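The two complexes that follow have chain A in common; it is paired with chain B in the first and with chain C in the second.
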Partner chain A sequence: MTLRLLPTLAVWAVLAVLPMLLGPWELAMFGQLLIYGIAAMSLAFIWGQGGLVSFGQALFFGAGAYAMSLTSKGMLPGIPDSPWLGLLLAVVAGAVFGGLIGAALFFGKGLRTAYFGIITIAAAVIAERVTTNWRYIGGFNGLLDVPPLPLPGGLDSADPFAGYLLVLGFALLAFLFLLAVERSPYGTVLRGIRCDERRIMSLGFFVPLWKVLALAISGGVAGLAGGLFATQFSFVSPAVIGLALSTEILIWAAVGGKAVLLAAFVGAIIVKYMESYLSETIGNYWLLVTGIAFIAVVVLFPQGLLGRFFALPQPRRLRRD
Partner chain B sequence: MLEIKALRSGYARGADVLKGIDLKVSAGERLAIMGRNGMGKTLLAKTLIGLIKPSAGEIRLEGKPIGGLPAHRISNLGVAYVPQGREIFGDFTILENLRMGVIGKPGLGMERLDQIYDWFPILRERHAQRAGTLSGGQMQQLAIARALIGRPKLLLLDEPSEGIQPNIVHEIAEKLAAISATEGLTVIVIEQNFEMVEILAERVAFLENGLITGESPTARLIAEPELITQNMGL
Partner chain C sequence: MVSFFGLALDALNYTSVLLLVCVGLVVIFGLMQVINLAHGEFFLLGAYTVLVAQGVGVPFWLCVPLAFVTVGLVGLLCDAAILRFIYDRPVDTILATWGLSLAIRQAIVIVFGPQSQQVAAPLTEPVQLFGVAYSSYRLVVILIAILVALAVFLVLYRTSIGLAARAAMANRQMAQCLGINMRRLDRSTFSVGAGLAGLSGAVMAPLMSVDPQMGMGFVLPAFLSILVGGVGSPAGAIWGSVVIGSSTTLVSAWWTPVIAQIVVFLLAIVTIRFLPSGLSGLRSK
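For the complex of A and B:
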């Protein structure tokens, strides 16, 4: 085992022992931070690997949150009101939204760089407007009383201890999944696309398809985070699908480190925790401090604060014949 | 193997730089296309591999029309391209760069890796090294190896001698000529540097103002070097 694995293992070990150290309230709050961490990883995957800066990541998060809420509240005709099915559909909804937006943007002429970001902003704004005005899905007020996920032994995810462990399990699963994709040949191609699309095309790759797949994977993971959010917060509203949350996800990934999954994950936890701490200590000025800190980090540490710390060694297959 | 008829192409619509290229290349042949800067050599390469759509004319590979097909489809039909300036992935290891030559090709794996390492032993020695840290000559070998690992039928090289010291140019040219002879690989090399052409190519076509203005066996150009300057308009 190499020393460079230690920070990564330490993060998961600390998160695993937190239930022994924190009270129920703090544990519930930390569980929610982990959900934001999953959303940050979903963005770090397409941004850091594929060079696709999505300004509308909350669109996939929100799609997952609404899919979870509508399913588990029995509001989708012909679909059983199972929270676990809801979570599965949250992943599917995020992936489908990601895939469809990717297909619309990348097939045909194909949008690149800033244009991709601009369109994702517009999509997030449109989605927020649509959910605000769509009464069936709760309109401006959203949907309340989203049921928790039932767990073995008569428990459910509303229990702080069980809920935390459930979210932690999904966070680890999302991390391992995205890491495996990153380190597969597909991940290598994605990084190649980030370097130079035309070069990749002349090597036999149909670039739009690879990018659509990346957006679908990212959307699916963001959808999972959205589904967990809906069940842990027991509600969903248009705020989870719009520009404000999209910007926050972008900040988390940028501060932590967009090219390293765990850096983005921990970045989300730190920024969100600091927000909470600052809003209690300096009131409304917290937003100003957060904004200045974000600008400082982006200017001084373009790779994020934690990227180097959590960067993992190369896969073994790339270190030998 | 490759037949080009009345090919017209340009970087902008209505502004053709190539004004009717006619060229035939036989299977296993090694052809050089020589010309001064700005005559359309790189444009011709990019049009052949599908990065730029021709505005008129025909390109046929083994009798099948490929003009206007997207780059990934032409690549998968067996046309490999080594671009000007190498364009390897500097942040990737050498092994990752080589993998990029096969991942996009259905049914191909890394079976040819040992053969590639035999042809270019320096790549075996440094397989885990970041490609951006290689010298210019080593990068060129990597770019050629990345193209060859995908088992192409036609290898298209754009100015492979650019920025490389003469002894390495000789070495690469000799190696490519040997690979072409043993594998039956068709090679088109776009060059300004006759040092590479005289070793690698059997025939030379001259490109001037978007047209093929002359052709000659390489042996004749070696015997009568003044023909090179005449044909290149120097």
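For the complex of A and C:
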């Protein structure tokens, strides 16, 4: 049984010793990859567990990034300009956006799953349009000079070593949180909704509320990733909220494996890492290759390339003895 | 009052273009339950077919049927290579066509470059209509859209293939039991739907700058149109494109195109939320 835990533990162990192996520049790059990994986990949660394919996950990511930037630059009237408060508000913003969109779509008659995809695409396009044309939040150019997170001992997250460890800590936190939700009785209901919504409804669960909650949880984690993105890249622009990033997140989660959180996380890191190397050598062909690889994974490996490798055993209460 | 007719013609023009894009989408979605997110890229391929064919001296009016055939063949290829393996997994068809759209768009960028290019319009003389000078080519586009929609509806409602197709729309399994070859029907549906997208791309090419991003601008409003109109009936596509097309034109005349897009998308989402079976669902209530 513990054997199946090994790959998961190995990933976190490798990530923990990376600071001793890499130089500051590569370490900073890996820190950024971890942020994308968190975003991929947030989508894997809502998609793999709840069966809701969000084509607009960057909406929550971007909401978090903008909340972080606006707060830490002191642009929200009546709210002190603290980066840590900004990160908290980033999580809140993502969760609120997720909850609102969920509440708007799932209550009442409800929406067919296939339409959910199209509506999230439209929502991502709207968000990109609004941020591009809203001058107060920077318009097309976005907001520059987002301050780093201050840390104890006079350090801040702009330092590659401290920044990496900070992001790694948050990634682990997000992973453990989503994993706990997934393995709780609530997670079991969520998987039930994915398989057969009506049956779960007739078992007495109020399905719309559970779906809204799931989208809020996913949005909150994506918001956390967005907030970390804003502070680590020290800028935010409409590109982080639109369709392009949403598509990337979708590809990471699909290639890694949507049903397993860590598979999506590692999928994001590997795909983005390959991109940073290959896009220099093969340039324009990179997007073509990812598009084709994405199709191939969808058709041939619906569980992703890493899903089986990182799959964890069932929670004890669901096991047969 | 002069601008009123101009505005009405603009609205009619945009509506008919949307209708042209919608017809292909609604045929594919209605029959196969496949949400084809690569539709915008089939549109794109149609426009580039015209670009290439015109470059070697083919007259414009021949380019349009050529685009229909070329993109129809591409659709056939996509069906054979990808879609036929995943027809029974609806969510995966959305994802696979999304990947397909990425790949096609990037292939276009690699072959033709990211810059925008121009296609010469076959008709440039404006005509006088209700006291406004209006581009004669835009009038032709309206005419083509109406003719294409009419042709598709005639096939659907007046031929035996159309009967089989409508049977498949109503109940796939029952249709299969009655001896309709579903595999062949799916293949030809997808190919014709793709061809229709190519045709609309070819027709629209002279009116806009041809660049790799041009498809997305049409496919999303078209999707919202068929959802607003109601996917249950092919006629819903007409209502949907009228609503989305004319409201977009009116709002962008009042304010700006950007605000128009935001407002219309939000209204469409609200409509779909409260009328899951669209406007055509209102009547059957």
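The working rule: the second predicted complex is superposed on the first by the 318 of 321 C-alpha atoms of A that agree within 3 Å, B and C clash if a C-alpha of one lies under 4 Å from a C-alpha of the other, contacts with A are read in each partner's own complex, and residues count from 1 in each chain.
One rule holds in what follows: a contact is a pair of C-beta atoms (placed from the backbone, for glycine too) under 8 Å apart; a residue touches a chain by one contact, two chains touch by 3 or more.
The structure presented is a predicted model; accordingly, all values stated were derived computationally and were not measured.
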item	value
Which of chain B and chain C A:Thr188 touches, first, second, both or neither	first
Chain C versus chain B, contacts on chain A by residue	C
Contacts of A:Leu203 with chain B and chain C, given as first, second, both or neither	first
Chain B versus chain C as contact partner of A:Val125, first or second or both or neither	second
Partner chain in contact with A:Tyr285 - chain B first, chain C second, else both or neither	second
Touched partner set for A:Arg135, first chain B, second chain C, both or neither	neither
First (chain B), second (chain C), both or neither touched by A:Gln314	first
Chain B and chain C contact sites that coincide on chain A, given as residue numbers	none
Chain B residues within the chain A interface of the complex	49-51, 70-72, 75-76, 81, 83, 87, 89-93, 95-96, 99-101, 103-105, 113, 117, 124, 127-128, 146, 150
Contact footprint of chain B on chain A as seen in their complex	185-186, 188-189, 191-192, 195-196, 198-207, 314, 318-321
Partner chain C, residues of chain A touching it in the complex	51, 53, 55, 104-105, 108-115, 117-119, 121-123, 125-126, 129-130, 133, 243, 247, 250-251, 254, 284-285, 287-288, 290-292, 294-295, 298-299, 302
In the complex with chain A, residue positions of chain C that touch it	33, 35, 82, 85-86, 89-92, 94-96, 98-104, 106-107, 109-110, 216, 220, 223-224, 227, 258, 261-262, 265-266, 268-269, 272-274, 276
